[in-house]
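Look at the two complexes coming up: chain A is in both, with chain B in one and chain C in the other.
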Partner chain A sequence: MARQLPGKDVVIIGFGWTGAIMAEQLTDAGLEVLALERGPWRDTPTHFATTFAQDELRFYWRHGMFQEASHDTVTFRNNEEQMALPMRRWGSFLPGNGVGGAGVHWNGQTFRFLPSDFVARSHNEERYGRLPEEMTVQDYGVTYDELEPHFDHFEKICGISGQAGNVNGERVEGGNPFEGMRSEHYPNPPMQMTFSQDRFMASARQLGLDPFPGPSANMSRAYTNPLGMQLAPCTYCGFCEKYGCGNYSKASPQTTIIPALMRRENFVLRTHSEVIAIEKSADGSRATGVRYVDSQGDEYVQPAEIVILAAYPLQNTRLLLLSGIGEPYDPQDGTGVVGKNYCYQVMSSVNVFYDDHYTNEFVGAGALGAVVDNYNGDNFDHSGLGFIGGGYIACWTTNTRPIESHPVPDGVPGWGSEWKQAVRENFLKTTAVGLHGASMAHRSNYLDLDPVYTDRWGRPLLRMTYDFTLNDRLLTAHITPFVEEIARGMGGREVKVNRRRGSYDSKPYQTTHNTGGTIMGESPSDSVTNRYCQSWDLPNLFITGAGLFPQNAGYNPTGTVGALAYWSANAIINTYLARPGPLVQS
Partner chain B sequence: MNIERRRVLKTLFLAGTALAAPQWVFGREYGRGQGVPWEPLTGDIPYHGTLEERFFTSQERETVAAVFAILIPSDEDGPGAAEAEAVTFIDRQLAGFYGAAQHWYMKGPFPKGAATQGYQSEHPPAQLYRLGLRELDLHCEREFGVPFRRLSEDDRHSVLEGLDNEEIEFTDLSAKTFFDLMLENVIEGFFSDPIYGGNRDLIGWRYVGFPGARYDYREFVNHNGARLDLPPVGLMGRPAWVRN
Partner chain C sequence: MNQKQCLSISAALAAWALTSFATEAQELASSQVAKGRYLTQAGDCMACHTDFDNDGIPYAGGRGLETPFGVIYTPNLTPDDETGLGRWSRDDFYRALNEGIGRSGEHLYPAFPYPYFTHMPREDTDAIYDYLRTLTPVRAEKPENDLPFPLSLRGSILGWKTLFFEDEELRRDPEQSEAWNRGRYLVDGPGHCGACHTGKNFLGADLEEEYLRGGTLEHWFAPNIRGGDNGGISDWSERDIVEFLGAGRAPHTAPMQRMGEVVAISTQNLERSDLSAIATYLKSLDDRPEPEREDIETERLEVGEAIYFDSCAACHDADLTGVPYFFAPLVSSNKVSAEDPTTVIRVILEGARAVATDAAPTPLSMPPFAWKLNDDQIADLVSFLRHRSNRPAGSVSASQVSEIRNYLIEHQGGER
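And now, the complex of A and B:
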């Protein structure tokens, strides 16, 4: 029997980046806010202090801070012919768990999508003609210009270190010449580059490209953000992605928002509280709150005037499906919206091996890198290429954590003396140049509920049906040779090209950029939320996160995720509160 | 994991007046202007097992050591799995939460999956080792008349190649899955922090030149391709810090 709790103005499901952003904004507007997080409390000195944060086995290989697969995972298949089987342990992506969510263990590569990325269908169709039937690419419904102030604010909250390329229409030397117009410079200068970036930039310039320093949530200097949170200079320790920063040098909910929020009387956080459904009114016209269980399995109903769905994208889709909100997507006839347009990221890379130079990539940071955007989005002419979108090419120096990263040249076996010696010879003398490619929506890639496997409470797991598409294959086949060309110009002994081959494989880690499933858009017939991230079905339900992306751009998602959360919070505070109801008439 | 210490503490809210709803307690509450919580003795330090925690029988241990010594050999180029004591590492791991797949999703059914679907064995790692080692010996006795640990080095090598290339198959489990897990584990045992029992005396890190769990490289960012030669440091420091 569920216990009925006293109501709140706002209940937030999930307390990662967007949960923290929403809580900060809505408490600032005077609302009583409750956040429910299914994992534990986490803070810097207690959970990832510098004295024990650099533990590769514990945090990556034993999944110290990720969602516990034994509680809840995803089933996966490449196509509908296969039976989806559970990801019994994480591989390709690593959903977070606990306070701060995946914002604790991200790298900090913090881009803005291009203006054309937000209007991917209309822009590309205008320039190249109709897209193929099976490409379910859509416009976001919100434009870059509308999001610009919110990108700017998120960058200031995070203290992004970077080099602007376009400030109020003025081209700035050394920045990204393709970026959308920004109202202000980054709050901090770029990080210091190392040998590998110097070589990458020189090679790229030689080829007539426009390299720039990667926008980084690792601090290039001490910084105080608009909430008064103080961050420390990054020490280049090489433990960002998959690890918490013990040094207060990486922007995370913990370092940029939560301490300020915890001082507010009108904010409460409950941990170990897993929402199992969003509750609806009898007539189905609004959300009345949420139902959740604590770690003892006791069930509670928490009423609220506004519900914010701010869990990880895969979980957001699953909660809508489990709660019977919105029509589930049907890949046969393309109707329905929940679970539609699941997208990911399409990568390839080239390793460079040196003889006489040490890359020393243990001197690294999650977002220490140099980037070229000439082959991203629609920054180049796609006429006759048969695909849309692109990706950035970058040389990041994130780590040399030895269990994870010990690349060897082509032709070396996978174990034994020859392998061991090749690992030693190349360990300190290698770097990589990667393509971080867009993932365009396709009719046959989607999320729904699994018919067989259940979580620890007996509820269906989410099922993922996903494979790389023709667009993905053409995109990487076209751009990878440019990656190789830059890599060859970096003066190494040899290179090794890691092409995008075969089906999507759920085993090796690729990236935690799972997008779509709760997409935003212009009409209830093709999206889950309107342009303000407000549910078309229940006007007091707002959704955050990369699940909103109708398709994924050739960038890391967090910058755009942050901007969308501030955009949505702004709409709630300035429009919705005065007149609760749909912000867009359908 | 230290389950006792991590148990959710239930907090009782003692409300002075009658509320519309009863006042029990839910997970754990934070906020209400209290600031970031701090409590003594809550540091979430690593749980690295103890030397007494072992899983293998002595025969199993000998076989795994023999497998590991082929995968990461000791040779003229430097030390291998044997010097790193990678077998001690995995023995301790299998005795703990990892061996039991405590954090993995282990509900059935367990049909054979596609290669892209990852680990689909119904056996958690410890059990996979137990059954896999038995089948490995059965195979070797059938083919060579002796168990794996009695084979010549060349024969050990060719048997492991057979597992890796899927030329040898087991009856009750996937030989390839077993091989892949052993390869993953020996690399872990060679390169993880020494607190876990492998990488003894930081031997794996010294071999490749990894400086370990240092946290501040600011003075080296401008290395410009030069060799740095920083001796490795583990979470417990390094041997040179101890005076005999």
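And now, the complex of A and C:
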């Protein structure tokens, strides 16, 4: 029997980036906020002190900060013909666990999506004609211009280091010429580039492209954010992705928000508290709170006036399905919305090997890189290409960590003494240029509940049905040669091209950029939330995260995830609280 | 003050008014209580009179204070009749702060800093008393002190007081500015800064000639906080001092451990003008010239520098200049150059955490190195740091490190 707890104004499910943002904004507005996190507490001095944070064995190979697959995983298949099987070890993507979520172990590459990314269907159809029927691409319902102040605020919270390209419509030399208008410069100057980026930029310029320093949540200098949180200069140790930063140099919920938030009397966090369902009123018109289980195995009902679903996108989708909220997506007839438009990303890369130059890629940072955006979004003419969208090309030096990473040229065996010798010869003399490509929504890629496998509470696991689409294949086939061209211009001895071939494989690591499943949009018939990230079904339920993206852009998602959270919080505080109810009439 | 606190205070005021003389009730105007609350914060009374380790109720006492002579437990300051200040009169309270004599005439251990509080005028101790009366009474017996004979006999204190204690209110120095006088009052009176920062004789009394030149207690060295020429904070500006005490961050260092408590509980709540006054006063205190730089073997310097580069330079920078406001610039650190190297050794062994304040909530920390560096390595490292300091100080030995390591193992469950 679940114990009934006293009510709160707001309950937040999940305490990563967006949970922390929502809690900070809503406590600031005077509300009593409770956040429930199923993982443990984590803070910088205790959990990622510099003397042990850089531990590949513990944090990467033994998955120190990732969701425990023995407690909860997803089942995966490429298509409906196959039987989905549980992923018993994370590979392709690494969902986070614990306070800060995946925001602790991200790299810090912090982009704003392009203005056209938010209107992907209307923009592309206007320019290139009707999209194929199986492409379920949609507009967000919110525009870049509406989100701009929120992008700006998130960048100030994070202390993003970067070079603006467009401030109030004025073109700024050295920045991205394709970016949307920004109201202000980045709060910090770009990171220090290394040999590899210098070569990349020179080669790109030679080809008439417009390289710029990658926007980075790693600090290029000491910075204090609007909440008084201090971020220290990055030491370029290169342990960002998969690791917590012990130097206070990477923006994470721990370094930018949580310590300030924890001081507020109207905020409470309960860790080791896993939400198992969102509770609804008898008439199904509103959320009444959540049901959760603590570390003792005891079950509680926590009532709240507002429920915010702020877990990882895969988890958000699953909780809606398990709670019977919204109609599940049916790929056969395209009806239903929950689980719809699951998207990922599509990458390719080219390794460059030098004879006489040390690239020393062990000196790195999560977001130390140079980027070219000429083939991203709709920055180039797609007429006759058979695909929409694109991706950025970049040379990041995020660290060749010694256990994880040993790039060798083509023709070297995968093991044995010859391989070892090649690793020894090339380890300090190599770099890579990558394509980070968009994933356009497709009818056959989606999330639903698995009919066979269950978790430790007996609840169905989430089932992922996903494969690369024709759009993905044409996109990489078109852009990878430009990647290769830039790489060849970087003056190495040889290059090795890693093309995108075959079906999506859930084993090798690619990115943790899972999107969709709880998409936002303009009408309840094709989306889970309205433009304010408010559930169409339950007006006191708000959803955050990349699950809102109707399709994935060619960028890393966190900048847009942060901006959408601030946008939604702003709507709750300034509109919803005065008149609780739907913010958009359906 | 939040609404809850306001309500509890006014309820307590009402109860008090019923049981006391009308004249006293009159003085319990909220301005008097507010003044008392401010002085209570300035005196950092909550820090010693709260058993933080056991989630004790603020001001209910029971915290064990580790003195060189044994552990002394603090009493309950809430107005509980049996265990607190319930039956104490204003006169009783004044006598305790001014003369170090308790309600039943017993002599109080000077762990209670009445040698400083004696400088406070009667109206200030009355205000503190009036504020403490507004607390919710809490029944809390204090544990027995853990002191050896004959210190366990309160009579022994009388001898100490005869030798070292003078009941004396601070007189204004007409030669100095208002700010200087206010600063000296806060430092020497309620703030009792000398309790930590002034050197002590073997019986724990302040040595006048060591006034604010730094002192060791509980295996920490509280640094020299004199300014002027050659003082431990001679390269701090007044603004640095105000930021350190008010926000808990300064270009040079951040408050941690006991000083962190002082900033969190006491000084971050003080008026900026009072913090400026403290800065004015401290900056006016000159100090003796530095001793000559001592020679140190090249080999030790090289080893120390190599360890520094591997383990410290990422935060404190290759040239020891650190990141002002974040990671202490070690070239100018008064902890590094202190005559007594206890603090710098201890911080390397067990790490340190800057206090989080409302203005600076980041828990900036340094990790411990006890598990990673042995006594010789730490001795070489500290000797290197002291040699490179703006105020060069002598080298330290492995046995000095070993002594502190052993203390931490015994008392704090530290790493071997």
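Of note:
Everything below uses one rule, namely that the second predicted complex is superposed on the first by the 586 of 586 C-alpha atoms of A that agree within 3 Å, B and C clash if a C-alpha of one lies under 4 Å from a C-alpha of the other, contacts with A are read in each partner's own complex, and residues count from 1 in each chain.
The rule is simple: a contact is a pair of C-beta atoms (placed from the backbone, for glycine too) under 8 Å apart; a residue touches a chain by one contact, two chains touch by 3 or more.
Just so it is clear, the structure is predicted and the values come from calculations on it, not from any experiment.
Contacts of A:T50 after superposition on the shared chain: both chain B and chain C are touched.
Set side by side, chain B and chain C differ in how many residues of chain A they touch, and the one touching more is B. Once the two complexes are overlaid on the shared chain, A:S523 sits clear of chain B and of chain C alike. Touch criterion met: A:R77 reaches chain B, while chain C stays clear of it. Of the two partner chains placed around the shared chain by superposition, chain B is the only one that A:W41 touches, whereas chain C remains out of contact. After overlaying the two complexes on the shared chain, residue contacts for A:L85 are found with chain B alone; chain C is out of touch. Contacts of A:G228 after superposition on the shared chain: chain C is touched, whereas chain B is not. Shared-chain residue A:T255: touches chain C; no touch with chain B. Overlap of the chain B and chain C interfaces on chain A comprises residues 43, 45, 49-52, 233, 235, 237, 246-247, 259, 263, 265.
Contact residues of chain A toward chain B in the complex are 3-6, 40-41, 43, 45-58, 61-63, 68-70, 73, 76-78, 82-83, 85-89, 91, 192, 194-195, 198, 233, 235-239, 246-247, 258-259, 261-265, 267-273, 294-296, 298, 300, 354, 356-360, 362-363, 400, 402-403, 406, 414-417, 420-421, 423-424, 427-428, 452-454, 503-507. In the complex of the two chains, the chain A residues touching chain C come out as 43-45, 49-52, 222, 224, 227-230, 232-233, 235, 237, 246-248, 255, 259-260, 263, 265. Within the complex formed with chain A, the chain B residues making contact are 6, 8, 19-22, 24, 26-37, 42-46, 70-73, 75, 77-78, 80, 97-98, 101-107, 109, 111, 113-120, 157, 160, 164, 183, 187-188, 191-193, 196, 204-205, 207-218, 220-228, 235.
For chain C in complex with chain A, the touching residues are 2, 249, 311, 314-315, 323-327, 351, 353, 356, 358-365, 367-369, 372.
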